[in-house]
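Okay, here's the structure, questions in a sec.
For clarity, chains are labelled A, B, C and D in written order, and residue numbers in each chain start from 1.
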């Protein structure tokens, strides 16, 4: 059974900071946001977790394997090197959405995202070390079948983007409402989904749904593991099987 | 009249590179993609342009002010510091979508995104220096009215993300099909749109459309300039007027 | 008694890479070297270690607390994100210089720094986890007394640099030959030294030596710990005592 | 005749910032310093200049080709993305040391490096655009003959470092006092020197001096150009000639 540890990473008072005393150059904000995300990706990723950029001022991470001390260190390091600070909420649940909701509440209880007095909140609970199993995380790695041939090499780059985006949006809503799952676009034509215990029919149905709704054909590799990296890496291998065998849903176990 | 110079930035042979000889750690791919984007944002931004991460392996930039030599230097610098290389297509048109389509064709004509022999293509035309005017670029900076109060401080972080994403998707498709415009989510609840010469009613209609379709309320500041930074910075100021006056559409001229 | 775990980090085949097929832009090499160092600093630092830039193609780290798996992960992550790869040699000894010599030999035995076939060597031994104590590392943090008043605000920036550099060079050679210690300039007027078990008279003598040889007056805070961060942070606090009390040598225990 | 434009880049109030309210993690300071330097290297380098890390809180750049507006943009961009700010002094002279001295005075006149009220000073004069020639900059790129064979593959990494460092220190002092030149270690076994109009005998003498003083054998390639990149790139090519022909001093013109 899955036991997903989710961390909500929220930049403190970011909206006001971006326009005080004057609006800041957009290119600089993009650079700051991207490099902050990249740093968090290294920190979390080097401990077996995954973090997704989401809205950049709010980022969602799967952090099985990270302790509260690890979270505190991340906060301290960012506070030493950036002109902004982070608040972190941590929670665990069988359902990824439930874990994320609890993590969000920890941060919301500490104060508004635009409360200038709320700084570096750190609240929540991690998965107990002795309870961890290799079934804690289920990750599904979707991509669009032959995106390069069907879109990238054929349409203009924005219309290709619209197609990919529609596929992502449809999948994201379906997986959240039907399966309590969290889906994230990770570049190219790839979507990584953090799931509870789902079965092959669930994935086949998701793919059919997206095909029917927006005419985008997807395939998926699914993996399990003790942490996001283990599960996600297994999912990547399963996806390679889809590519080589021409199948649509592959499990790595 | 607008005269938008658009550059398509495409990483050469990226899909195959990410899985050769084996799939690479996802956290490392995210770090690489984000830092590459951040570097391009600094290079383009320091010359008055804007670049949007789009799909990360394909990025769209508004590059009025950058010469072909500037583009070549960007390619060279990235080639010296990353394990991947970039192909660039450049084009100009009154219509942003048309410019982007022509830029895309330059890259497609050089070879497939997954053609391992196509490396560092650089093709296209820039806006003639003597033809540049302060009306070349029109940028609209949208955001969601009181996103923090309505969503961020109230819903779980993924459901907030779904709301923002739906608003973006609706706006993006409307602006592309009705107005040949290119819309990009830039973090938080912000969307920056690269437009041709649009009028107040066009923006009021776009906002109504989004409200009616997905029940997300947006506001917009619009600016013009000789380059993306000038237009975008003016748009940010206009958006501040929306925030302080409670209006929905403000032009900075 | 100290038990220093030292890692030599050497970029594979770097010299040839910088000039093949043609010399690369110097500014890009500087950017690459600095960002690679910064990444290693985060990776090692987040695990309680310290890494010093040294010559940038060869970097020396104090890695008590990092396992061989950690070293392998660092190699993998760098290999995924940079156009170069790293070889790592790891060794432990009471004497920092001895540990560094053994670590160097591991890399040299694998092949020349400019052997294009030697890639990602990983050899050596870490401190046994059960043997670790809070006296394993002794770190001394030196700085120049009132550098700002005596030099930075008075001389031109290069002559100030010459003064600081002379102080560093004299201290570095003295500490290496008299005390088997490894000294590293870390910016400003600061030098961090990795020592075996030294006593107050040893530090007083080092300071006198530097004063007599090049007329640069230094002070030092000394700390001990299970890893470089613990020892180094204690040393920083001791140095603050020097600053506030006007003393020259302070121990944090 | 040379006409060197030098910029002193000084972080405002850095010393106090590093220990307020408490000392900061050393690994984070190293990361911050290195990434800030890397960013400045890209900004300056992309405009044909060179910047050297020097002491990290004080960096020296050769900025022929950068206007005062460029300097202001660099300041603004850093201020938007880092927790520190920069003060910049700019000056030009036939003598590199004189230009650096004048640049330093501009910053010193604005206030102490540790004056918390001195922020983002920008003072000085650039080379007049109409006066620029391809002889404005002379750059000499030295390296140690067969450093890999003589040191890197033979000695422990710190003893190799000591040898390289001694060669650098001797060269640096000689070039400054005998020739008003500014010398910078740039990694590996490389030293880049910013010179006035020097002749072959001057370089032969410098090399003899270093050999006699510390028994380190160096070679040098010299180039000239309108900016640091042009001169430096020519110097790199000349150095390749030394390597292939076994000579000690080569001019690229």
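Rule of thumb we're sticking to: a residue touches a chain if its C-beta (ideal position, glycine included) is under 8 Å from a C-beta of that chain, and two chains touch if they have at least 3 such contacts.
Only a predicted model underlies this, so the values are computations on that prediction, with no experimental measurement involved.
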Between C-D and B-C, the pair joined by more C-beta contacts: C-D
Distance-maximising chain from chain D - centres being C-alpha averages: A
Chain A and chain C, separation of their C-alpha mean positions in angstrom: 37
Intercentroid distance (Cα basis), chain D paired with chain C, Å: 22
Between chain C and chain B, distance of the C-alpha-averaged centres to the nearest whole Å: 43
In chain D, residues with contacts to at least two other chains: 25, 28-29, 31, 35, 42, 45-46, 77
In the complex, chain C residues that touch chain D: 8, 10, 14-15, 19, 23, 25-31, 33-35, 37-38, 41-42, 44-46, 49-51, 53-58, 60, 97, 100-101, 103-105, 108, 112-114, 148, 152-162, 164-166, 169, 172-173, 176, 182, 186-189, 192, 229, 232-233, 236-237, 240
For the chain A and chain D complex, residues of the former touching the latter: 24-25, 28-29, 31-32, 35, 76-77, 80-83
Residues of chain A touching chain C in the complex: 39, 42-43, 45-46, 73, 77
